[in-house]
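Two complexes are shown next, each including chain A; its partner changes from chain B in the first to chain C in the second.
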Partner chain A sequence: MLKNDYEALAKECRPHYLKRIARHPFFGYIVLMILLIIVQLLHMFTDLISMTVSQAINTTMILAVAALGLGILLMMSGLLSLGTGSFIGLGTYIAGNLLKLLDLPFVFYLAVVAVAGVIIGVVVGVISLRAKGIHLMIVTMALSYIMYTMFVLPNPFTGGPSGLTQVPFPTLLFLFKTNRETMYFVVLAVTFLLIILTLNVINSTIGRAMLGMSQSESLAQAMGIHLLKYRVLAFVIATVYAMVSGALYIASIASSSPYTWTTTLAMNILVAVIIGGTAKPVGVIAGSFLMFCLDLAILDNIPFFANNPTAAVFFMGFLIILIVMKYPGGLMWMLTSLKQKTQTFFYMRRLKKYGPDES
Partner chain B sequence: MALMNRNGAFKRIVGKRDKAYVQMEFNRNRVIVADAKLDKKHEKILRKQTLVARKRLYPLELAALSEAERSAALIERGMRAFDFKHSLRRRAVKQTYLNTVGKLGEAKAAENRDAANALLETRRAEYENTLKTRFKGADKTPAPKESAALYEQASKQEEARLSELTETLSRGKQSALNSLKAKLDAKNEKLRVRFDSADKQINAMSKVDKASFGDESVLNIQNLKMYFSGIKAVDDLSIDVRKGEIFGLIGPNGAGKTTVFNCITQFYKPNDGKIYYRDRFGSLVNLVDYNTHDIIKAGISRTFQNVELVYFLSVIENLLLGAHSIFSTGLAGQLLHSKTYKDEEAVCRVRAMELLDRLGIAAYAQSYPLGLPYGVLKKIELARTLMSNPKVIILDEPAAGLNEAETQELGEIILSIRDDFDCTVFLVEHDMNLVMGICDRVCAISFGKMLAIGTPVEIQNNPKVQEAYLGVG
Partner chain C sequence: MPRHCKAPAAKSELARLTAAKRLKPERGLLEVLDFRLEKSITKGEIDLQNAIQLILNSIFQIGVLALTTVGMSLTFKTVYVVNFAQAITSTVGAFMAAFLLRDAGFNAWTSMLGGVAICFFLGYIMDNVIIRNIAGGSGRIMITIGLIVLITAAIPLVFGLNPFTFPRYFMGNLNFSFLGMDLYVSANALFVFLLSAVVIGIIFLALRFTKWGLGVRGTASNKVVASMMGVNTDLMTALSWGISSACGALAAVLYASQTSLVSVTMLATVLANSLLAFIVGGYNSFYGPAIGAALIPVLLVFLAMIDGLWANGMMYILVMLFILVRPTGLFGTKTRKKV
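Up next is the complex of A and B:
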């Protein structure tokens, strides 16, 4: 009778905006950033969150930046490097000396460090990437030891064994002088930008080429992929991320000791990436939080672990062994399988209650 | 050193020409993508405006009815909403009956179901009653004529508005496409100049003996020699592949067939010999001057003996990997996902979907290759070779691992690819039915030496070939 089929039209056109927002690739990362900002605000204005937790999150985000780069190198291109720690160290020294010398916007330091990262990455990459797999690991390990020795040797650039200390905090846009607490937000912003950049790398021709290269070299060559070019590119990306992470470190912690920049740190970051199980930022960040943040931010707040510091180490070790044994594909695999299980659970419940869809 | 320099300059110019060509192709395809995008956008706008019009007209439409009709319409609308809301409950009742019929017995379960249904019915009747009390107009006198006229007028206005909007949109689309076309044509003209100069230089540089290269030939292998520390895998082989034919290379195991392919695609650098090739622009080049990863840019694309797909990428992304050589966006564009890059990827995705559809595997586009049937994997590989606009397709044992029906289908696909994509097919195969069925010419080799070359029937009847395959009788 009535031509009020506009209801049907409305149903069709209804913008499922919440769903659409939730499906956006950046949604999860934005939620994470907002959560971390809330944590820091709670620390700054109330006593709910302690200094240790805020510091732990800050350091984790800084190391997660380096881990993102290593994720691209290891998980996308299949190249193993142990030089991450020393590249972070180099980043801290370059940025730290510049910060002592000049008072400029923070973006400037990041840009200088990134350019230095590109140059060093190309030089080191072109020389060392003729080796592959385990041999590349040995080459980068040797490089790491050389750089460590150079950091420790007394010289004005690195400050010798005592390292760089009392580095001033940078200013933002000539206006705001940052301090230890506000640098946290700068670190978050830079991390977020690099997460987006990583997603772009993964979802572009570069990412596909790297994956193809890591799976089969002959396939990659037949598809027109210049092997050395993409290997060096992956290495440069990893180096730039590590150096930017170093710049963030020196700007928010204000000191840099050469004893931090050893292969142990590189191995920790490597384990974080492997536990994450993917080059995707979600896995890398989950792995970094497990490796660098869990003990300081959560376990230390539990009285038992606070009283027995060794118990925390044992717990972490067992946790990592458990994850690696149960889910060899890493946390990403675990998250995916959990997601699938929940979806199946709800689907089965719905099926049991309402029967199959009528249509 | 002089040779190295010549090769370096040659490669640089070839690279320049390839880049210009890829960009020109992309610019040509860009209009199609822009068209589709605008269509989608305009459809959305129109749908929204239709909705707005309906919303505006609805009260007028109600006002044009008599009171009784109006209340009936409103009650009907309310009941429809009620039924939609309660459809899940009705399903739940049905399912509960099915779940409990085993435990409680037929009679008891049916009783429960009927009780629940009765409850639902009473609720529905109650709601209908409330609606009836709310809308209790019973006056059957028709509404004044003014309101009907008002409705008519308003609906005409809305129709006019919508048709005008459609026209405006289509005009806007046309002008946008025209301006884009003009811009891209201007760009293409510039690229064409660059392309022509590079092409001229390449033709001047190429030292291919034109006399030995027939007008019909695409690939001309002359005295190819490939030794692996004394073992003569390919020994003085000369083959001439003509344009648009399906050329088969057969031979017993270890005859060096795959080595020939690897020499053509520069996975092996031959010890001696020349591999002349007429590229897609008609200039004659020696493939030995090329790098392995530049071969696909010259227009030769290949498959592998064992299926080589990237198992971390979905099927369509595997195809996009095959289109790697026709992406021209620089590093910055890719890192920031610039508009050009997105357009380029859209063009490639459309092409990939077309190819998958053509081979009948479009349903697998978003799934991952691991666990798919072997025949599908082979087809994906075949589709991937076509992504880069090849001129010569090299197939390394395409029928290996396929059953008879699949092999026959593959033969038909290869024939149709040759006809529709205007390319030459060069294949190695053990399956004699396939080779004899589709090949125009066949070359038989044994221990790296040519035994015979000719039509399939000639090869079948050749005593030398029979001897190589079956031994001396």
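Up next is the complex of A and C:
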């Protein structure tokens, strides 16, 4: 065959351009972002979407950022940490105090908080090299309690038990003064950027090395993977994500109470990651929507759950247990297995009706 | 005569010397320390009596913490799960006991037994229905967190929103003197401590001498081999869950009897401290966690004497450093892993 024939064949076999767009790894996330933007626009200009739903989505996206970091830490490197909640809290305090002092573009605060996250992540990562599994969990839990004590005790940095209140909204690029409703779009933008970063980390050599480390540390070491480097890197990523999520929180909610930043929040984020089942952003975001958004956005619209709010929480707990019991691989595994089940169901029906295929 | 004359002279000499000393104090370091100690004891800063009294006040916490920790170590040894839901299942026992006492006409003792029995069945069913059917790994920890969410919501649904109270089993204080110090201890706190010590003692003796204990120890060391040798490992794990929940329920009822408070979050700090005690004592020994549980409230008392506000924070820092220096805990042994 000639060279032209090859080109013609390639042209013929090339899928339709719409199909190519749909197969792009970012396509699903872009669709999700557009949907969420439409939801917010509906809230801002019509009465179709209520305030609680918009705020629930906002908080969910903020916590999903922290969950993305924890996903890399837990699912890729196999390190269990319960310190996420307090790192988010630290991020809110650093960004909140800076917001009160200076009026600069929002990127500046994100950068400062990320640098602080790198420093703390290195410290925690080096500490973590001595602890493994349950020890690491308890060490991070103790760390989280120490930070909680620091937040609650009266001091000018955290504002003591009453926390930081009345933090001004940031400006964008020296121009736009944001408010609560426009911060939603900023949160979405930052989340989208971090989703792309996460996808790249997972598919790069860093991600492969972390995956190898989580399977067998000794084997990974024998293959030439520097354990300290990748452990510290995993912790740095998780901490930076958590602190950035804290900065987003203080910028869009404008107050921070120390009683939010407990191990309970860290456990909830952990559950969101495990229910998602993968470090991939699809799973993490699905898990955080189930964990943080379902009860506020959907269940409260059903009259039975609106009348007794504890029933909604009960339902959530039931759902968590059911998913972990039936589908230990998480939501994504559930979807694929359900797909397979429906396919086999239809195949069997066809088999009964028409007999086996002739070809 | 000379003696008679000399005495006043000597007296005046002494007076002169002491006066000089008062003007120019020349004391060594030891004397200064002694002086400070004397002063602080009289002021009540570093008071031995005070310290012992504070430890006696927190004696019921030692008992409650030890019971919870022993229950947690039982489940960890047999199923390899850190049971975060331990505190909340125990709280169900306390609510059940308070409910039986208030609405069903039980007295304080039988309602305690009722709460413990209910929790035993709860733990047994939990293992039979949920925990056993999960492949292991982090899924089991997730289940315990899911149970926290579920039970926290279920308690107000089942028991209603009216607050519960629980009475003390014994009223009044016991006064006694020890090494010349007048001390007192609340009779109920002493009862809590003694009852938990007796229960823990019975569990340890049963682990050592009964057939159940042999089965549990076999399951803990190697589940597969134990089941091949004819140990009903499923029954063993279910019983351990039941007994661990029953221990927790007893702890919760005793805690409620001392603080007269029954609420959903009443055991939150106990859970955190028992996790720390569990690691400090050494998580792969049966007896270590109980000793760790006895140490933590005492440590907390001494830290509270240094700084009341920062006592908890300092304890967490100390425990964190301890875990990093000695990951196996006080009584743990190192396990080796093959590639």
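General observations
Please note the rule applied: the second predicted complex is superposed on the first by the 323 of 359 C-alpha atoms of A that agree within 3 Å, B and C clash if a C-alpha of one lies under 4 Å from a C-alpha of the other, contacts with A are read in each partner's own complex, and residues count from 1 in each chain.
Here is the rule we go by: a contact is a pair of C-beta atoms (placed from the backbone, for glycine too) under 8 Å apart; a residue touches a chain by one contact, two chains touch by 3 or more.
Note that the structure is a prediction, hence the values are computed from the model and not measured.
In the overlay built on the shared chain, the residue A:119 is in contact with neither chain B nor chain C.
Of the two partner chains placed around the shared chain by superposition, chain C is the only one that A:267 touches, whereas chain B remains out of contact. Judged by the touch definition given at the top, the superposed model places A:206 against chain B, while chain C stays out of reach. Looking at the shared chain after the overlay, A:146 reaches chain C, while chain B stays out of its contact range.
In the superposition on chain A, A:355 makes contact with chain B only, not with chain C.
In the overlay built on the shared chain, the residue A:21 is in contact with neither chain B nor chain C. In the superposed model, A:338 makes contact with neither chain B nor chain C.
In the superposed model, A:215 makes contact with chain B only, not with chain C.
In the superposition on chain A, contact is made by A:224 with chain B only, not with chain C.
Touching of chain A by both chain B and chain C, each in its own complex, is seen for residues 216, 218-219. Against chain B, in their complex, chain A makes its touches with residues 1-7, 9-10, 12-13, 197, 200-201, 203-206, 208-209, 211-212, 215-216, 218-227, 233, 352-355, 358.
On the side of chain B, the complex with chain A involves touching residues 47-48, 50-51, 54-55, 58, 61-62, 69, 72-73, 76-77, 87-88, 91-92, 94-95, 98-99, 265, 267, 291-297, 301-302, 304, 308, 310-313, 317, 320-322, 324-325, 327, 329, 331, 334-337, 341, 345, 388.
Residues 82, 84, 130, 133-135, 137-139, 141-143, 145-154, 156-157, 272, 275-276, 279, 283, 309-310, 312-313, 316-317, 319-320, 323-324, 327, 339 of chain C are the ones touching chain A in the complex. The residues of chain A lying in touch with chain C in their complex are 74, 80, 127, 130-132, 134-135, 137-139, 141-143, 145-146, 149-150, 153, 216, 218-219, 263, 267, 270-271, 274-275, 308, 310-314, 316-318, 320-321, 324-325, 328.
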